[in-house]
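Here come two complexes built around subunit A, the first alongside subunit B, the second alongside subunit C.
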Partner chain A sequence: MTTVDNGVNVQALLDAREVLRGAPEAAQFTWKASAKWENGVHSTATIKNFFGLGAEQSHKSETTFTADHPEVFAAEDHGITPIEYLLVGLASCLTAGVASVAQNRGIQLRSVESTVEGNHDIRGILGVDSDVRNGFNDVKVTFNIDADASKEEIEALVAQSQKRSAVYDALTNPTSVTVEVA
Partner chain B sequence: MTTVDNGVNVQALLDAREVLRGAPEAAQFTWKASAKWENGVHSTATIKNFFGLGAEQSHKSETTFTADHPEVFAAEDHGITPIEYLLVGLASCLTAGVASVAQNRGIQLRSVESTVEGNHDIRGILGVDSDVRNGFNDVKVTFNIDADASKEEIEALVAQSQKRSAVYDALTNPTSVTVEVA
Partner chain C sequence: MANSWRRERWDSLRLLTPNWQSRLPGQDYTGPDPDGYMTMGEVVEFIERFALATRAPVRTRTTVTSVRPDGDGYHVSTDQGELRCRSVVLASGACNLATVPDLSAGVPSAVTQVTPLDYRGPDGLPDGGVLVVGASATGVQLAAELQRSGRAVTLAVGEHVRLPRLYRKRDVLWWMDASGVWDQRYDEVDDLSRARKLPSPQLVGTPERSTLDLNALTGLGVELVGRFAMVRDGVALFSGGLRNVCSLADLKMKRLLATFDEWARTSGREAEVGPPEEFPPTDVPASSRLKLDLRTGEIGSIVWATGYRPDYSWLDVPVLDGKGRLRHEGGVVDAPGLFALGLPMLRRRRSTFINGIEDDARDVIGRLVS
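This part shows the complex of A and B:
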């Protein structure tokens, strides 16, 4: 018998599922970021703490992210654009899902790579045409997966990852976002 | 006369708006990321190139981002979670918008800080209850802005930023996302 090890502790996740079934309040998480304007369209955002399992939690380390716009937007390109952060989130969410589902199904992964492309008509954000939306027109993710499994099994892994992906849902379905001045 | 300088080249953006009005094909951008599974739910994503103004473009530098899950998810916490990347994108997009609109309206900013909170019922992604969505329940952004302007003018800056924000649109409205195996 071969032991499949993708590095995902699936038993802990299955156990958490059972515990949270009887304790929905513990499943209420709040993810937090704080951001600071630097200059121009350049800002930084810091992430450390979150709330979950009924208590304040924190990541092992605080991480700071830089966002800016490229020189073709007359900016200084200190970092990636805000909308590109959505692609990072999407790719990493689907990748984590593929690893988790593979572990649960006993499929050994050797490599998982993906490319994400977001098409964006910038006439929206520039106010050229109010019929053009501000966000992506559409997004395409393409996976290249090397695993001890058939093409059909690999496609099923990706489909199941998509079905349970937080970020895929956040992009494909509307979320209420309120913006206030303190 | 006071010269307002928030570091945003608003004239270049207004000029771009006029140019793109007559050249919609140049406004078609494609943002790109490539991601790689590391182990478990830990992955890295790299961003360097994009397409726009009818040609391949690139950021000054390539940037790599790490995503993982916290220890309370039985993971190793090498980096923030995928869904937290959405909060980074949202905060930085709205902040860039505030700076741009302030520049256009002749309002000098002194500081712009914000906190973003995304409420997330993790019973969705864990498959506890199929009536619970995978993504955020809702997101709240709170700005603290110090500027040479009235409270009403500051609120109007934030409202206009929201109206033209790529990431605010991407989160509040649905986007078509296709996921394929190569």
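This part shows the complex of A and C:
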């Protein structure tokens, strides 16, 4: 039997699960981003630090994200639209989930590709019709997975990755959001 | 005697297990309908008959108000006097209290809220539509009954266990019994705490032996929505993850039925059952409602079919964990001379069924006399 290796250290995750079962306070994380207006509808956001395991933590390096709007929105298109960042988050979260669950279930992956489409009626954000919501009407993710597994096992991987996905939960369930002026 | 079956169940309820599986030590079902499901009146009669036959010294109409350690035994206070004993077997059940989520506090006061312990039948609810929260056995049964009574029912669906009533012409619980699923021990399963809180399957006991999954409810006209996540300004918000909980349930059902097929093949039981069957996937609405305004009168009542839990408020022995669950190892409670019976996956998967008590009780008795 060959060893399955999707590059996920499942043992570390399982160990963490055991440790945090008895130490829920260490499981409290705060993710942080800082954003700055550039010009027009163009902004940049940076991410470096977060809090978790009872202490301040840092990524290896700071990452800068540029957000803007496309030219059809009469903008300069320096970067992707903020709502597209949600698609990035969803796709990468589900993909990480697929890899982790596959590793835990002993399934070797060869390729995992997905497309994410968010249907958006922009009459909401433009204030054309107050019955139209601002956000996505619906989001569709389509996975193409090549792995040593049956179709049903692959479907189960994708279902389980949704069940344990932070971004899937954040998008499908309401979250209390507070916005203040400091 | 049989108090909870008599007073804490809705009128139309029947057992989920077929009659032939209702057996107590020395008392099998001998009636004319082994494949039927007992009404609550029949369950009460079945238990009364057992009490009469065994002549167990049951003190009826006695409420235990406290059990506390006392020397090398226990002191039991009841509303009929005090008792001293060496050992206590807790057999008060897993469904004494209805679990209602905290978000219920945000429901506008004009909406009547009931739990399955209060519910008797559709006539007891005020006019208007009904939001049933929870799609396990209780939720699907009450949703169907309310929809059939002419009310518009919305069913909030979280993770659930889908099962057909019959598979390959046999009761699905025949398969659970015969193939050995119900004999799995608590120390054999991967994740015991998950196994112990597994929701009850979407089953109903009816003379027609019909399946009551989400597709059946959709066929009746019940509207499916995602898990009830929050009330914001009087508006109920539901999860957009309905499709995934349905996919998970479909996949798990398929896997379970495949293990039945495998068992039938390898144990030479193919001749006893019908040909393999496939069930269509859950028909999830293209876009389920994410919001329901509870202030408009559209919804007159909410039924919280969100689970049950035991009541240990009278148990003055420190044997509960941080989540209020009894600490026990296969029914041996974490205190000398204290035992439990009749809890989910106590010793085996069958521990909560009437037919599961004999084996568990013999185990406890063995420990009591040793």
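Note that the second predicted complex is superposed on the first by the 182 of 182 C-alpha atoms of A that agree within 3 Å, B and C clash if a C-alpha of one lies under 4 Å from a C-alpha of the other, contacts with A are read in each partner's own complex, and residues count from 1 in each chain.
Heads up, the rule we're going with is that contacts are C-beta pairs under 8 Å (C-beta built on N, C-alpha and C of every residue); 3 or more make two chains touch, one makes a residue touch a chain.
Bear in mind the structure is a predicted one, so any value in this text is a computation, not a measurement.
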Partner chain(s) touched by A:117 [first = subunit B, second = subunit C, both, neither]: first
Which of subunit B and subunit C A:171 touches, first, second, both or neither: both
Subunit A residues touched - subunit C or subunit B, whichever exceeds: B
First (subunit B), second (subunit C), both or neither touched by A:138: both
Subunit B versus subunit C as contact partner of A:162, first or second or both or neither: both
Subunit B and subunit C contact sites that coincide on subunit A, given as residue numbers: 137-138, 155, 159, 162, 168-169, 171-174
For the subunit A and subunit C complex, residues of the former touching the latter: 137-138, 152, 155-156, 159-160, 162-163, 168-169, 171-174
Contact set on subunit B toward subunit A in their complex: 6-9, 12-13, 16-17, 20-21, 24, 27-37, 39-43, 45, 47, 50, 52-53, 57, 59-61, 63, 65, 67-75, 77, 79-96, 98-100, 109, 111-129, 133-145, 151, 154-155, 158-159, 162, 164-182
Partner subunit A, residues of subunit C touching it in the complex: 226-227, 229-230, 232, 237, 239-241, 244, 247-248, 251, 254-255, 287
